[in-house]
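Residue numbering begins at 1 within each chain, and the chains themselves are lettered A, B, C, D and E in the order written.
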């Protein structure tokens, strides 16, 4: 068990995504690519070879015209807490300590240069949140010039994934230190790129243990649920939807079972 | 793998794992060394016998 | 060992050996020679082969500058408003003073002629340069923990001449990172070592935790 | 001493054991570990002081305020500017990806001259002096040949100082042919003229303050129009607000709307009249407005004593039952929609702008305007508002004889001629005109293209390409190697918007009149020049009155002068808001009687009866015959695909789902019921045929598409830019065909007949 | 001074014939080498793997060859630790087979990592909590042990025997072989188990996940158990195949029968445990996560249908086990080896299911489609490579080394 550094306050960052607000525009995806130096190729239509730290899925209720409904589901890395707050499915399987659980923030790290590409974590992740660099990334025609120094570019043969823009937390923390009050990081000081990018305000991000942060209240909503929650992965990403079919589409239920929010007994 | 590496922790599981691995290597290594040394000695002995 | 035999009459060297053990000593001697050769090569030859000396573009005189500036190290190596640290000054910052040659120092003359007038950044050798995947912020260390510059950078601030810069032929990083003593034992020669474990050890000492990957990596 | 093999073995043993006690194995392993983690071909981004610079995105007309994170002279990241009045922080994927156009393979890096055959994409780099003298030489010769009026300019916008400079250039040069690409503004402009008497004014919808938005097919959340503005207006929706989307396909907007009403395409006007019927019948309209500020609501008598039908009588026949039969919607749904709409605090009905395909249906547009008038939500916060475009302080253009004569000639696109007197620009008609004309007598001898990519975006694009290819001299001002630039003789590349100054008027449809300033964030990365500067230089090198009409040192000087006292605010804040408050009703209308005209007396109509002037519902025939095309192809806009002049940057293409584009194949969406009839299954390859052409596509079954409709994403099938977008999918414009409204010449078709066959 | 290169008292074919026999295998090795070059040089984009199939045919082949190579450890265990003398007649062959399997496994693993520059981080930066680390350590050390076990056999070649040192060395190594064998058994137990642990710990993948026993998931024991059961059968079958190819009797039938009997009982107990495991998983583990048993089987694509479970447990599990535990079954050689082949197939199916079906089954209800994958030629040829490599190594070993102590006696 990792010891908590004595000089840092423990936080538990999490995200709440309101599926009733998401329009499926993919601004979050592009903002993420741009923020995190995600590579691209000319052929990206095979999604299982395409690197996305957050991916917006389109799901439908399966009813025929005109009763069809569509819901867009943005899915970053779930930053699972896993068993006993610290054992996400992907972390303990890594043979080379390229990924660990950052106890002070609840974020699952991934250090690509340490990774040697065994892809065990990818197999362990039920969300397909971890992406492999099948090709060496190339930024053609001066495009290297837009790369951000905050996030190290990856190379062929390593896994990468969403980090909840940890470098932004570092940035906020650095400024807080500079200002002489290391613990004074406000909600607005640290927001992920996708949260900031969402033009519809569907994504909320913050410290889930801090009552001053919006996520603290939102995740307690009756309509909050998590993706594949029943696997016991304890994701730090919550979703909101008032539509029952969306709840059903996001976790596995036996025929007689009902999603918690609609299970008769109030949640 | 070694105590000077970051991933080393002074922790029971670490001793057990690395201990077991080290033990296996040692046993095999020692066995092999024994065989080689023994063979050298054997040759020397048989040389001796051959001389006399 | 007493059962060892030797069928040659020549016994090596000076050791008064038992009658039949001479070859054993020869073998031992070879072992010792090999052993010694390895030690010598490893501790003396190897470091010289592993590192190459890289000349500094300009032999910078920190002491001289310290006398001229008002705010010590901070005059040129300062924090920006967002808490990031400026590191080595850029040409523009140097140019504030060195628009033309002011003194008689040949190094300054070289600096002005080869860099300022040609508008070319100086390719300084950075002793503390870390790989791209390392995240290091000065703010928590200087502002948070109150460390002074010398704690990590040694007495470079008061030096009149830059210490030698040796580059690792395999990694391309400065010898300062590993430390000048190959054994990594004893007091560091110029400045504290900056390998991952050095960071970790200090963190464990100071904060009770070696931290998780993201604390220092990106 | 005998040295045998054993000694060597021993030596080796000594070496082996000894070296374990040296740093060699450990240090080398460690160093190799470091080396293997830092491959030289993996870029290491340079770090430095971070600055944020405000500017405006111009990759589409949206005009969203952005801030750019820069390190030294590198732009690193774009984010929405939260204090900008248009988008308030919201930004679409194209905006976030626009750094990929600042750098990247699509940029035209120097002026270029065509060397290969037209369209071959073979160019040579030339200097700016050479390029400008070549262009001015050609234009000078044309003018001296007495064909000044055959110069045309196609521009993506007619607002802003750069289009103004082009218009001015044509004026001074002697050509009437400034052509704006078709947009939703065309129909609104005419409707505003007919109902409110305003000429060439801009209609905006204050979505931010509206509480009930009834959208007739507007892709508000599909990335069209002003995406940042619309996304932001939407994101602040709370539970008290409602969006109802009328559209035959479950678009992103419809998916997020409170209610989706899949009316048959082309029947939106009937639905508007049906809603009006319920409102009128139940007296739910704004009596104040109708009684005080409206004309033609009731039946009326003209000066000649003839009795004319009023709007009220018109809508009388559009009962929910009748409208239900026309639109395919449930009559009760229409009834309750009308009630909810009328009872809302700030209801607004929108159409036209932001549709993927701006079908310029005057009847529908008038009917939608009338809906807003009925609920008295005209020129109000949260309603439909009329704006004048910003005025620029520019001196009169100086014209010589050639110029005066040339500008008086009829336009090549027939807009403003006797045939289409009330239309301003009819680019859709130009290809036919060019194709019909004799080579020597071509009405367009030289073409300048700025901020537009008509070879790609014009409907029936293959014909357009052939037509434009006939023009002897084409100059493109594009920053990117787009389809039109690829066809050009000379490319005079403009700066990327992060490299130069430019005023950016907020686009049509936005509920406020804002001009923003796009300011340089980085130094020009390549040998490009601001198009404003280039046009001034061309004018100056032509000399005479043309040169005199462009007295400014450079574009930046002109920009400062044009905005006069506003410039300070513009450069300090990055934007100016021109008119905070819309005019009150008593001063709002410029009709003869100063009232809102439910009966548009000025309407240039095909017929003479009342119903041809009133916005009655008329069934529209779309191109193609019913026998061969049992289906209707409609394009759809996706927020992940840029469908305008600028194609998708790589990041946006990366976001496209695999059932929209897979490898080079595009997927059309059809209803499973339609598919069953055609024996098509998910993923099948099929051939789609329309009167304009045919294409191989794959089939994606989607319950959210009306049966009988084939929906195809717009913005794919590019042939230029870079390998990251070229040759992916099909350009839907190549399958579409415009169909001219008889009175206005505008393209009124909402789709095209199509057939689908398994390949 | 003409010592024959062949073991004393046996007959071998001519060199020409021998080379001709090896030619096709060499051809396969050559193509495989080219494929390996492509994978290591251009990266894993040369395969058909993707983000859903991060583990694919190579990992399956890895698990399968290691399990089949388990014959070496279990016969070593029987021969040296339990002291079943008869097994010694086949132990040399088992060791050679083991060397083939384990070197192949390591090569396949190296290919799968596809990162020759950094693959060694698994040792250098080891995370001892990872099942894969355990696998890598045990596997590598065990391969070392296997080679140590193989060395004395090599040294028994008459030409090498002439060198006195090697003569003594082989003798001395034989003397303490039990020590090596014991270490091998120890290591094998863990890596076979850890290979089972690799899927078993994936609690995000309910198809693979098994509840724990001690610190290991159930699969840890099932894998060791099945490898111990089927490994010797594989050794016996391969031995029989060698007999068929050489047209010589190399091992007495009673050796086969003994192995078959032991394996039969092992297999029976294993398959009962496996059935219990399946029942528990289907009725407790899976429903707790919202899955019905049939959610994990699909007829689209059909190769993940429920038939796979029936084949694994009934046809390739109980059936061969029952044949092998009956004396009559064992005495009929066709039945014996038929059953052995079935058991081998069953084991391969088990490994296939635990790797590929695990990844193919969709977890998110909104992704109803099963993930499909078909290996690229680079993957196929390198997966076939162990067979060619085995043919080469076994042929050479058989030709020059006294693999079968009973050969001389059986072929006078």
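Of note:
Assume a contact is a pair of C-beta atoms (placed from the backbone, for glycine too) under 8 Å apart; a residue touches a chain by one contact, two chains touch by 3 or more.
Note that the structure is a prediction, hence the values are computed from the model and not measured.
Chain centres defined as mean CA positions place A nearest to the mean of all protein CA atoms. Most remote from chain E, judged by the distance between CA-atom centroids, is D. Taking the mean Cα position of each chain as its centre, B sits at the greatest distance from chain A.
Summed over C-beta pairs in contact, the chain pair with the top total is A-D. Between the Cα centres of chain D and chain E there is a gap of 63 Å.
In this assembly, the C-alpha centroid of chain B lies 76 Å from the C-alpha centroid of chain D. The geometric centre of chain B is 27 Å away from that of chain E, both derived from CA atoms. Separation between the centroids of chain C and chain D, computed from CA atoms only, is 58 Å. Residue numbers of chain D whose C-beta contacts span two or more other chains: 37-38, 42, 44-45, 48. Each of the following residues of chain E touches two or more other chains: 118, 121, 124-127, 129. Chain contacts: chain A has residues 46, 97-98, 113-114, 136, 153 touching two or more partner chains.
Every residue of chain D that touches chain A in the complex is listed here, in rising order: 37-39, 41-48, 69, 71, 74-80, 87, 89-93, 95-97, 99-100, 102-105, 107, 221, 223, 227-228, 231-232, 234-236, 250, 252-253, 255-256, 260, 262, 525, 639-640, 650-658, 661-663, 671-673, 702-707, 723-724.
The touching residues of chain B, when paired with chain C in their complex, are 4-6, 41, 44-45, 47-48, 51.
For chain D in complex with chain E, the residues that touch the partner chain are 29, 33, 36-37.
Residue ranges of chain E in contact with chain A, taken from their complex: 43-45, 49-55, 112-115, 118-119, 121-122, 125-127, 129-133, 136, 198, 201-206, 287-292, 295, 358-359, 363-367, 371.
Of all residues in chain B, only 1, 5-7, 13-14, 17-18, 20-21, 24-25, 27-28, 31-32, 34-36, 38-40, 42-43, 46 touch chain E in the complex they form.
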